[in-house]
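Look at the two complexes coming up: chain A is in both, with chain B in one and chain C in the other.
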Partner chain A sequence: MSGVEGYMYPNEITLYWSILIVLYPYITGLVAGAFILASLERIFHVEAVKPTYRLALLTALSFLLVAPLPLQFHLGHPERSFEMYFTPHDTSAMAMFGYVYLWYLMAVLVFEIWLDYRRDIVLRSQRRKGMLRWIYKIMTLGSSNISVRSLHIDERVGWVVTLIGIPSAFLLHGYVGFIFGSVKANPWWSSPMMPVVFIFSAMVSGIACVMVLYMAVTRLRRKTIDMQCVDTIARYLFYTFIIDFSLEMLDLAHRVYEADESFRSLDFMVHTKLFFSQIVLQIYVGTLVPLLLLAITQVTKLPEIVRKRLYAIAGGLTLIGIFAMRWNVVIGGQLFSKSFLGYTTYKMALATREGLLMSIALTLLPLGILWVLVKLLPPWPEENGTKAAGMSI
Partner chain B sequence: MRVFKDAGHLFRFAGLFLVAFLLFLLVRGRVVPKSFGEYGHYRGNAIRDIAALPVRFAGHQACATCHADVEEVKQKGKHAGVNCEACHGPLAKHTDDPGTLTPPKLDTAALCVRCHAASAARPRNFPQIAEDHFGGVACETCHQPHSPAVDAGGAQ
Partner chain C sequence: MTISRRHLLIMLPAAAVAWKYVLAGTPESAPNYRKSEHWWSMLIDIPECIGCGNCVRACQAENDVPDGFFRTWVEMYHVSDENMVNPVVISPDGGKEGFPAVAKEDEGKYFFVPKLCNHCADSPCTQVCPVGATFITPDGVVLIDQTYCLGCAYCVQACPYGCRYIHPEKKVADKCTLCYHRITKGLTTACCESCPTGARQLADLKNPNDPIHEFLKTHSVQVLKPQLATGAKVFYNALDGSVR
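Then we have the complex of A and B:
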């Protein structure tokens, strides 16, 4: 049979979880990571990253809005997804995830963004004309109180929301890892390390994403990149990446040492079908190279232009590496037989509901949403409500 | 109460949540069937709906009542445990009134491979047919379906 080597059970030959299911943990990871970066400034008072605070929040929201779409397209019948909310079953991990998602979207992200932008929104609702004026008016919820005291209350409440948001972000992405880690019939997934590895890889991808976005957007706006900010983000990316890589290596070492009945089969798969995506893309190109580049920036004094380029390359490679990690988890976990005697092949479609073009569209969609959000709620300090006499957005 | 005045917008946001929650409850009350959860985590009326469906299968014994000769052949062969309607399809209407529905003649070349197509997932000692087995010749030429061993005689 084409694409099948050795012995496969009939229900293992076709992969049921496609590239869209790879995209789903990748996108939620970017959300969680971007939010954790935002919390650095708010909770841990890392003032240097302040220029990216609002951008990180808007990035998290843009990706979070798209996060359920890969699942919707994969499953079809989007109208049935509401049944998960109306009649949730307490043994369904996905049903509980629906509530975690809603909580994170509404009670954390939207609320925090609203609190942070409220002053700008009120000012814009008074100065803008036409349709935009009405959009901002609706966003004020009818309250134009931006007294010092009310803004102070916003600041305090926002701090609490961020504080609650950190475990919520961990919960959001840890849950994705939990769903895979609890599939006990699949030795490639079944590991209590899975949620922890997912959280740290999420932080790595989210921080890298905001760093690259900040540099790219600032360049597009023909403004100066705040190097102290990017240096600090890169430093946190480096630290988080080291922890993430250590955890993944710990998981690998444990699997090698334990060498249970699945090990020979999985080891063979890593050296054949997953060689390019796991060894080349994930470990070398997506982890060791960016770690090396970031390490160079940490131990040597490099000119600004060199640092910028190294950060851009390291950030881009990190995003590719984390995507490869999601690919290897989701696709890799379906390539081998439960009999450990055979392997199948994933044939990605091109222009179908679950094909490559759909995946590219869903990856680009958050960037489109972010563009709209940035136009509506500029995250740049020089364009906030107080200084926006001309209100040019 | 200055605090309440300056925190008024927070109550508005909370109000938004409350409205959304009430809307959720309202929609939930409308769309979730009343019998949901009656017996378990499903629509209770589903059981009654299924029970009300017309009976389509007559059962092995109903067939044997009239077709004792076929039943006798079948009991001697490897297909003794295969229910008649597994191959011939649901025939409750035929048993109710044989004149209203005559079971169609089956295409054994398509029917037999449903169970006997070669597959690595089937037990080794289970008879399996390779795709090129007698290239398109109907199985019943050599195998009498009710007692399929070759020495039991085919259709001829």
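Then we have the complex of A and C:
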């Protein structure tokens, strides 16, 4: 049979989790990582990253709004997906996704953004005209009190929400890792390390994404990039990346040393079917090269222009590497037979519901949403004034 | 259209099963069936299987299984003395049309292993279904409510035995039902019915008179992948250690 080597159980030849299911952990990872970056300023008082605080929140929201779409398009019966909310099966690792998602969307992200922007929204609802005025009026949710005391309450509540948001972000993506890590039938997935690796890789991808976005958007706006901010983000990216890479290597070393019944089969797969995406893209291009570039910026004093370029390259490669990691988890986990005697091939369609074009559209959609959000709620300090400055008006 | 003797031989078992089904009537006509009195399983006697593929054909005819997918299939193992942990396994079209003849001079051993859903008591597929569309009946059969299934394929990933697939037209999970529509009416499954050697036997573990009890006492019986603790209820007699 074409694309099959060795022996696959006959029902295994078709892959059921396509590139859309690769996108799902990738996008939720970006959400969780971007939020963690935002919380650095809010909770851990890393003032240097302040210029990216609001951008990180809006980025997280843009991606979170799109996160369930790959799942929805993947389902055989998307019209039944609401059953997961009404009749969740309590033993299923997947059943709680709807609730975790809603909690994170409404109780954390939207709430925090609303609290942070409430003053701006109220002011805009008073100053803007026409349609925009009504949009901002709706966004105030009827709360137009922007007295000093009221804004102070916003600030305190926002702090608490962020505090709750950090474990929630861990929960969101650790949970996605658990969906894979708890499948005992699949040795490529089944690992208690999976949720932890997912959390750290999420932080890596989210931080890299916001760093690249901040540099790109600032350049597009013809403004000056705050190098202290980008240097700090790059430093955090470097540290998080080291932890992430160490965890992944620990998992790898464990598998190689234990060499259980699945090892020969998985090892062969990594050296053949997954060679490009795992060894080349994920480990070399997407991990070692960006780590090296970031390490250079940490130990040497390079001119600003060189640092910017290195950060941009490292950030871009990191995003490719984390995507490759998701690909290798999701697709790699279905390429080998559970008999450990054969391999199949993933044949990606082009213009189908689960094809390449759809996945490209779903990858670009968050950027479109972000563009709208940035227009509605500009995250730039110079356009809104800082919170403290605002309160003194 | 002319029907050759070969085609007739292939079609007869399927026709027999279909006729039995017609005679059996609709599921509603089994009012005396009490689920609590049964705990269904299957016994597979590997030395008895001749790899004829009757079971696969009967299953496909009985259950309208889509082309390219299998509720049951038969594997042929070739285990050589030099490489006992890496057997050569084939299952052309699920073994539906039988297997190529083996040359006498070939070394090692050959045997057939019929596969189907193991109707696990602790089934991983049931565990992971996000809406509970997959469930275990009180009489021990793992079924799918296809009017409720989302088609997310998590159960397909969770099954260690490769027994599930997404139905290409219905877009929902599908698998062996242990011919639930038949066994609740006192019939056996289509695959057992059509097996010419009795290599497949439907068994009721709650029935003290079922011959399976004597068989389990007197034979070396094993389930597939026991290390996964799925509570598999398809028991294999004389299962070779190389079988996956």
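Criterion: the second predicted complex is superposed on the first by the 382 of 393 C-alpha atoms of A that agree within 3 Å, B and C clash if a C-alpha of one lies under 4 Å from a C-alpha of the other, contacts with A are read in each partner's own complex, and residues count from 1 in each chain.
Throughout what follows, contacts are C-beta pairs under 8 Å (C-beta built on N, C-alpha and C of every residue); 3 or more make two chains touch, one makes a residue touch a chain.
None of the values given here were measured: they were computed from a predicted structure.
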{"item": "Clash or fit, chain B versus chain C on superposed chain A", "value": "clash"}
{"item": "Touched partner set for A:F340, first chain B, second chain C, both or neither", "value": "second"}
{"item": "First, second, both or neither for A:W17, with chain B first and chain C second", "value": "second"}
{"item": "Which superposed partner A:V183 touches (first chain B, second chain C, both, neither)", "value": "second"}
{"item": "Partner chain(s) touched by A:Y9 [first = chain B, second = chain C, both, neither]", "value": "both"}
{"item": "First (chain B), second (chain C), both or neither touched by A:H89", "value": "both"}
{"item": "Chain A: partner with more touched residues, chain B or chain C", "value": "C"}
{"item": "Partner chain in contact with A:S147 - chain B first, chain C second, else both or neither", "value": "first"}
{"item": "Touched partner set for A:G76, first chain B, second chain C, both or neither", "value": "second"}
{"item": "Touched partner set for A:P303, first chain B, second chain C, both or neither", "value": "neither"}
{"item": "Selected from 95-103, 167-175 or 203-211: the stretch of chain C that, after superposition, runs into chain B", "value": "95-103"}
{"item": "Contact residues common to both interfaces of chain A (with chain B and with chain C)", "value": "7-10, 87, 89"}
{"item": "Sites on chain A touched by chain B in the complex", "value": "7-10, 82, 85-87, 89, 106-107, 111, 114, 118, 140-143, 145, 147, 149-150, 153, 157"}
{"item": "Of chain A, residues touching chain C in the complex", "value": "7-14, 16-17, 71, 74-78, 80-81, 83-84, 87-89, 91-95, 97, 179, 183-186, 333-334, 337-341"}
{"item": "Residues of chain C defined as touching chain A within the complex", "value": "68-70, 73, 75, 86-91, 93-94, 115, 124, 126-132, 148-154, 156-166, 170-172, 228, 244"}
{"item": "Chain B - residues contacting chain A, complex", "value": "2-3, 5-10, 12-13, 16-17, 20, 24, 27-28, 31-32, 36, 41, 119-121"}
